[in-house]
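Every chain is named by a letter (A, B and C) in the order it is written, and numbering of its residues begins at 1.
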Amino acid sequence: MSGLIEFFADPGNWSGSTGIPVRIGYHLLYSLIALGLALVIAVPLGIYVGHTGRGEAVVAGMANALRALPTLGLLIVVVMLAAPLFSSSLVFTAPAILVLVLLAIPSILTGTYTGIQTADRSAVDAATGLGYTPMQVLTRVQLPCALPLMISGVRGAMLQIVSTATVAAYVSLNGLGRYIIDGRANNDFGQMAAGAALVAVVALVLELAFLLAGRLTISPGLRRSERRVKVPASAAPAT
Amino acid sequence: MNLTWLSSNLSWILELTLAHLWLTLIPTVVGLALALPLGWWAHQVPRLYGLIVGTSGLFYTIPSLAFFVLLPGVIGTRILDPINVVIALTIYTLALMVRVVADGLAAVPRETVEAAEAMGYRAFQRFTRVQLPVAVPVILAGLRVAVVSNISIVTMAAIIGVQQLGSLFTQGYSLGLMTPILTGIILCLLIAVVLDLLILGLSRTLTPWRPAAVRSGKGVLA
Amino acid sequence: MIVFDQVSKTYPDGTVAVDNLSLEAPQGEITVLVGPSGCGKTTSMRMINRLIDPTSGSITMDGEDTSGIDKVELRRRIGYVIQNAGLFPHRTVLDNVGALPRLLGTKKSQARERAMELLELVGLHESLANRYPWQLSGGQQQRVGVARALATDPPFLLMDEPFSAVDPIVRAQLQQEFLRLQERIGKTIVLVTHDIDEALILGDQIAVLRQGGHLAQVASPEVLLRDPADAFVANFVGRSRGYRSLGFTGADEHTPILQTASAVLGDAAQTLRFRPDGWLVALDAQRRPIGWAHRDEVGAALQDSAINHAGSTASLGAPLRDFLDAALSSPNGDGIVTDAEGALLGVVTTDDVVAAIRRAKGAAAAARAAS
């Protein structure tokens, strides 16, 4: 514990390219890039699956298989295979981010399509009968109703990304995980604990940010039913 | 596949596999054992549901690698002791299963519980003889998710030097060899499939009263 | 007017949902489609706004073939109310009602103003306007559903089991309110129900369908009860058809209303004048009948404990069914008759009610013979 306090008390750890602000910055930057890419892929796909019911079994199977696949092994395999394909500055970053995206997709996908599927069927029928176009039904009824499950899916994805980005320091990704890896290499337990504490704080802050975002964007009309709609197991938070 | 590496490291791989099994199974069993009474409590006292499920959710938020490193500072163990991994995974399992148990108990038909109450079952008897058996499918479905996740999470501990199948990944990376890494991944998946099927089989054995069509659900990994 | 012309719906697996249906839903009236489950009543209704497309035949609205109208355009001309209301869970009551006008470009303030009027029209207090659907009772949700369907003032209204999901007391109340509402708005309505009693209460015209989508009979409620087309319809309409058909004929002017002894609750015993059989009608302060009281039961004053509440009352101008019920339920064979305000007019004897029924039957038979 004393090593931990020492680490935070040292002004040298608060500046420069290995300082805490820079590392937090990188950690968040890579996480957000990965989340953004995952959203771009998973949300439209989830809308398609939820709307048509096609490919549901494939998606559920993929989500489960990815849960069993050890992330550390996956990271190392992808880096070893893909590193030769990238120019020097991206040699570790790009493959690591690829894995982050891959791991984030199932959670967002599942949240989106189950959200759309569990949107009140009679409300959808009523909207159609009243003359909403299929696009209007989607944007004005289904998506707002799917929002609680979607946000919960994105939250799970974000935590998975932040967690995996920490591990990815092992394959040289910049970020808070570096303190844990470098500390371990130098038997500097204070640095390790400091890195772990920072990662935990970042994860908790992001969790709170998502809770807040949910409060602001989910209609109060849907909030009561949040607890009754069981989040499917495959959308369970990842670690 | 590099067969020379494989054959010369066979006993080490077996050792790692056994260690991996223990590191996965102990937290899963202990976590479930703790989750049963806690989940029952959360179900009995609705005001506690939010508190218990919310708190356990917060533990789930902490990334596993950070959890392994932080635990020694909190409970005073040595930083590289495997016990940290066991405790962290127990907490993850508990966090997941408390909610599953509470929700599973809530899904038992109210009439069934009331019938038992009217027949004179005491609260504990109702729990062990009526509620729990009926909630078995839900609880074991949750346990399948927990055990499969645990197998993957355990591998992270290789980074801080705890020996198990994840050590094959770090070994392969430092040697630049694909064989150990692939061996590790395949063994992890194999353990996951076997444990998943075992729990599925247990669930079917414990619930002979369910319609066959319902019981023949696919494995988590299928 | 909505016209079905030889409309059929066959699914790819060969199931015939609707078989060669020809039917007219007259302007400004309520047409009820009723029948057991699997009779194709909902399918028939959903073909009107083309949620389902017919396999053959045509449906016209005011002479225009609906298959030539864009689906979305068509649906916006037709209000739609479904079981459980199907409200948008993420919108407030006010925004549910104003949703479609907003979609069509009405300004928010205008849409809300109109929504407020509609809430009042369907009998919802303005304090509910900012609630979310889950905060409403089933009956309130259903009223919001009706208000939403009327938001763009469409000439047609489709209603699919609109009152089935609420308890019997609320259902009866909603039905009566709906009839009063229809008197004001005069829409052309097609309503689907499985409940023949609801059909008899609401329908200007009732179409009875049987399994396989066959039309068994189209008729007014009165004709359906008096003259069912076949054994299926008779069976579906149910027991006590004769008694229920009395609900459509009033007592004629030859039915005598007799004076009777009466007293107001609280009157002292010595002021009471009983009928020869020992009974009198007990009244409240507004002279509305409470029930019958017998000489042997009354103590020092006319108390509520002495009153027999069994008898129902019939107001003058009510159908014969009410008169017969009042007479049959009375402890002494005489039914209490009130004026429109509910104040006591007199009594009618069982024999006189039966005579009135006989005269009404004779008149109906003569009318049929003449036509």
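Please note the rule applied: a residue touches a chain if its C-beta (ideal position, glycine included) is under 8 Å from a C-beta of that chain, and two chains touch if they have at least 3 such contacts.
Nothing here was measured: the structure is a model prediction, and the numbers come from that model.
Shown here, the protein chains touch in a chain-like sequence that does not close on itself.
Taking the mean Cα position of each chain as its centre, C sits at the greatest distance from subunit B. Central chain (C-alpha centroid nearest the global protein C-alpha centroid): A. Between the Cα centres of subunit A and subunit C there is a gap of 56 Å. The geometric centre of subunit B is 59 Å away from that of subunit C, both derived from CA atoms.
With centres defined as mean CA coordinates, subunit B is found 21 Å away from subunit A. If you check the complex, the residues on subunit A that touch subunit B are 1, 4, 61, 64-65, 67-74, 76-77, 80, 159, 162-163, 166-167, 170-171, 177, 180-181, 184, 189, 192-193, 195-197, 199-200, 203-204, 207, 230, 233-234, 236-239. Taken together, the subunit A residues at the contact with subunit C in this complex read 120, 122-133, 136, 140-141, 144-145, 147, 218-222, 224-225. Note for the complex: subunit B touches subunit A at residues 57-58, 60-70, 73, 79, 92, 96, 103, 141-142, 145, 148-149, 151-153, 155-156, 158-161, 165-166, 168-170, 172-173, 176, 178, 181-182, 184-185, 188-189, 192-193, 220-222. For subunit C in complex with subunit A, the touching residues are 49, 51, 72-80, 82-92, 99-100, 103, 132-134, 145, 148-149, 158.
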